[in-house]
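Order as written gives the chain letters A, B, C and D; numbering starts at 1 within each chain.
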Amino acid sequence: MKKADTNKLKVAICGASGYTGIELLRILAFHPGVVITAVTSEKSAGKKVLDIFPFLAQYKNLVYEPMDREKLLQKADLFFLALPHGASQEAVHYFFSKGKRVIDLSADYRITDASTYAEWYGLMHNYNDTLRKAVYGLPEIYRKKIRKARLIANPGCYPTSAILGLMPALKSRLVDLSTITIDSKSGTTGAGRKADLGVSFCEVNEGFKAYGIATHRHTPEIEQEISSLAGKKVMVNFTPHLLPVDRGILTTIYARLTTQMDTKKVLSLYTQAFAAEPFVRVLSEGTFPNIKHVRGTNTCEIGAKVNPRTNTLIIVSAIDNLVKGAAGQAVHNMNLMMGFSET
Amino acid sequence: MKKADTNKLKVAICGASGYTGIELLRILAFHPGVVITAVTSEKSAGKKVLDIFPFLAQYKNLVYEPMDREKLLQKADLFFLALPHGASQEAVHYFFSKGKRVIDLSADYRITDASTYAEWYGLMHNYNDTLRKAVYGLPEIYRKKIRKARLIANPGCYPTSAILGLMPALKSRLVDLSTITIDSKSGTTGAGRKADLGVSFCEVNEGFKAYGIATHRHTPEIEQEISSLAGKKVMVNFTPHLLPVDRGILTTIYARLTTQMDTKKVLSLYTQAFAAEPFVRVLSEGTFPNIKHVRGTNTCEIGAKVNPRTNTLIIVSAIDNLVKGAAGQAVHNMNLMMGFSET
Amino acid sequence: MKKADTNKLKVAICGASGYTGIELLRILAFHPGVVITAVTSEKSAGKKVLDIFPFLAQYKNLVYEPMDREKLLQKADLFFLALPHGASQEAVHYFFSKGKRVIDLSADYRITDASTYAEWYGLMHNYNDTLRKAVYGLPEIYRKKIRKARLIANPGCYPTSAILGLMPALKSRLVDLSTITIDSKSGTTGAGRKADLGVSFCEVNEGFKAYGIATHRHTPEIEQEISSLAGKKVMVNFTPHLLPVDRGILTTIYARLTTQMDTKKVLSLYTQAFAAEPFVRVLSEGTFPNIKHVRGTNTCEIGAKVNPRTNTLIIVSAIDNLVKGAAGQAVHNMNLMMGFSET
Amino acid sequence: MKKADTNKLKVAICGASGYTGIELLRILAFHPGVVITAVTSEKSAGKKVLDIFPFLAQYKNLVYEPMDREKLLQKADLFFLALPHGASQEAVHYFFSKGKRVIDLSADYRITDASTYAEWYGLMHNYNDTLRKAVYGLPEIYRKKIRKARLIANPGCYPTSAILGLMPALKSRLVDLSTITIDSKSGTTGAGRKADLGVSFCEVNEGFKAYGIATHRHTPEIEQEISSLAGKKVMVNFTPHLLPVDRGILTTIYARLTTQMDTKKVLSLYTQAFAAEPFVRVLSEGTFPNIKHVRGTNTCEIGAKVNPRTNTLIIVSAIDNLVKGAAGQAVHNMNLMMGFSET
């Protein structure tokens, strides 16, 4: 740590050799208020960050360490946890109960109802008191709560794109809640950094498929937040697909309008709803998002169209799954918690 | 023409330098009953096929010619027309009225109602008598008519995937017709072979976007056929997307079930419905199509899943847009018309 | 086995769940003289071929079995072995010594000098008598020997592209043998079908790198054959690179000319040299190969250019690494051995 | 222009709707010392930057204008010219002769010898006095001159990767100058942003080819600079290839060593030579560059290996063609000229 760093926030990243962890390192490299004091990785413990990821040249002296919680506790004041679901439960509780700030990028603290969590993730939640303290880290909905929180459950990538896409329509009660269909397409980094035949180049390249139809674990997360926005329990059809690209999620959402309304009116509502948001861009009529345009950014692009023949609202939203869908939003949440500039 | 070719069907391909035309050449290269006697291309007139497409080595002596209809008439008995929409109207009529067999790969003879055609394509149909003779070339529905037809309107790529995906559900009256949503994703050959910034590599690669939302011209074609299957007028939401791959269409279809029914029951209906079809493969429970698995083939793969929480049927179908979605289906239709083996 | 199959050659494929094995199945599906009677795979033993590769619909009843040599011996008369290097040594010897025909797609019988093999592969060769019986299966050089052989060492993918690219130049003594540089670029199927982070989509996609510089095991295989063509010992620079595509090898070869000579003259020599070859296509002046044009084919495309400023001959050759570089060439060799038609 | 901007350097970009121009906008968006006061584009004149490139959100009010030189002269003090070769000659001269600073990203002022320029570009150079004032903008060689220059000829993308890769070897007289072969592979943005069948997705994707063999216009630029480094006239073999990726150049260089030397020794020389360079990273033994690791960065990664069997030095260098190969290096040059921080 250089001298100038002594006033900076000390940050540790647990699980820093996956795509989300690397992206956190990349984004924080230029953050003026932060210094990374520890990174953990079971697989890569003992190795220099630079030896595995030579492009992270800013972290010349950073070495992966195994996850020794007591030791880590001394090293940092804020912890980003990019651990697998399940594994995060206890680690979050530990750091949080020791008074640290925690931003959890797993799903373990997103579902506020422990029985729903148990049903979809096949795991009991053992830290219900801590769970109740967690704030769902979508700044466009929970900015005020996030500013005061000490524990953030950072949203999933699909939910981020789906919830932002539906938010104004639900708040303004535009759509029939029993007709919501969410058809999402994600780049392959969404599957994680791993040795697996299913994500090998020759299986993914020039291919495209749906998976987890009607059973994907992001479903209850989406339903929880849109039910909350709608003021009543909502169930949706949610189908994820695997795109042969590195990064990006495009989500196409269909919902029957409750009254007749044209595209212009819908877009005007959307534009207003997000007017103050630095990271949401509502596109003008006739323009629709492309994941390429949000690549590497923390922006969510949204386009909308009414199909008058079926009186259906069609929303298309695009994010970079590793940035707005994970690491970028996590840093946004940190900025809000710490009173740093949002952008 | 070699001696052995004298008993073969003489075939001309008009518009043979686009992706569909090339694919026709590729498929027919090994067809035992056919000899290609003429290929036309305005842009490439005078050039050898081999000079532009060196991999079509079978056509050593084939030279592109301009489209001189009188001359072509002498050369062939069956005409594949892979011309732009609009341009095909008159050419089809000409060859058909001269007693030739015609397989039209444009949209000009697909829409049986001339006013619907006018509305979506912005063109009057000037050959209503000929239009009435055209048979929609989807063998899985119209095999008998195709056998006796002299004019085939070869289906569009998106409609092929959507109609086959819905066919058994509609025939068996499984779904609420007011709830059909069709979310399609197509490879870039679907946009045609052309110099255009929008399909340039750096715009498409690592990108993904929706286009033609609620306005795509394949909508009335889909609605015509599924209305016919359903026995009443149906309107649908149809959204095409552009995939960063060469070939392939994956279509994800959502429709509310009218009664409760599980996935097993639906799949059993689908399997029965397509049991005799050489080019449709219904996948077993839990397995879903990948465009990679149908690449280069004339097969339509179909998977199905019931979401019991929303009582919605979700169908996923995959085809190669250039084969089952265009040239392969055209050859299948030719085989049926001529009494050749289907496969 | 259907009745009509009783006169066909009974073929077994050992190691039939890798990319090469699948490609063999794909190519042989339409071979009129052959019936596949057994396929082996350790990982997939007990599974139907169709369950893993639904597009191989011709093999409805084929089930992967473990490699029980005694059992296999009864089932087939010709064995394709697509096993890892090293593992192939003994299996080849076994089937060959029992009087069977063998086409080995590993490297184990390509290097005629056992000590060179030991040096580059780190393995002793335990079957020198069998090794001496092996014929290097490059039909463009060894067609006559292949016709009479019972054991074929099927060439590696890089060597196929490099040797064919250099063959006429070496035979005609055009180049300075001390100046040969071979810069090859291969698609990712070349790395095999496996769970490995290095070939995962997000590592390979949008990437490009060299590997095995000056140490790749195909080096001695290339040197053996070009030394033989040149009539004296040659050493080369050989650098392979990994392309973000499924299939295809493009090899760019540089060699100083011994006399001055223009491109036209070189191309005329090349065209003559390969005039009778069904699977080599020499391109006309100013035209150069693209891996896309040979995708899925057994063709090797070759282009040539003389740089008069440096008096250097530059050859570019392209093949599909899985077809001409592996399975297609293996079937070509089988056709030669069995007296089937070559094409 | 906001108030705070009044002390900033006023910058105009001519030709700001191509890939290089966009990349300049992207990089300068966060530059603290610069304000963009004008952007030109013939095709897009009158359109907002934001309407075409919605991700360039920082430039809300920037509108493309046609290239009216008198008007532009009033607006800016430094001009980036990203115009086609030939078109740049006069524009550079105009702004330069009016006392402005100019960074030219075309080839027009790179070749110091006007007759060589005429020979390779087919154009006379009409501004020899201005040409003599131009400094070749490769900071690793000409940093001192650049600091004092008013006119920078920004290097080509291929030359940047080739010259940096060879620089230490030439300075230390390691290699036989008659044996240099440069085999380069570039992403498709290198071909520019244009409607052209040759760069359409379906032609490039899953393809790979060489082009411009022995005739590419970057050849004299490479030869000029390496001749200068070597202290005598050098001619090279240079072959560019087209990679199916957006960005990145990987260059593999071969040259015979004049004495025996191992990899370690070469790498130690290279590491020393670039020790003070912020944008060159020499990799450790056994590690080689991947274009993916330099994507979006201004870094040139270099790896080296000696092949002792042929006594040849093999260098691999990687850059992002749009950043270090164009816009990033241009900004680096601006920083040097203006005394801004280099990084």
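Quick note on the criterion: a contact is a pair of C-beta atoms (placed from the backbone, for glycine too) under 8 Å apart; a residue touches a chain by one contact, two chains touch by 3 or more.
This one's a predicted model, so the numbers in the text were calculated from it and none came from an experiment.
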**Prompt:** Can you tell me the least number of steps between subunit A and subunit D, where a step is a move to a chain it touches?
**Reply:** 1
**Contact-richer chain pair (by C-beta pairs counted) among C-D and B-C** = C-D
**Message:** As a quick test, compute the distance in whole Å between the mean CA positions of subunit A and subunit C.
**Reply:** 46
**Message:** Measuring centre to centre with CA averages, how many angstrom lie between subunit C and subunit D?
**Reply:** 40
**Asked** When the centre of a chain is set as the mean of its C-alpha atoms, what distance in Å lies between subunit B and subunit C?
**Response** 37
**Request:** Any chance you could list the residues of subunit B touching two or more other chains?
**Result:** 203, 206, 244-246
**Asked** For the complex, which residues does subunit C have touching subunit B?
**Response** 53-55, 57, 206, 281, 283, 287, 293-294, 296-297, 299, 301
**Message:** Quick check on the complex: what are the subunit B residues that touch subunit D?
**Reply:** 19, 188-189, 193-197, 199-206, 244-246
**Message:** With touch defined as at the start, can you tell me which subunit B residues reach subunit A in the complex?
**Reply:** 178-179, 181, 183, 185, 203, 206-211, 213-214, 235-237, 239, 241, 243-248, 250, 252, 254, 288-292, 295, 303, 305-310, 312, 314, 316, 318
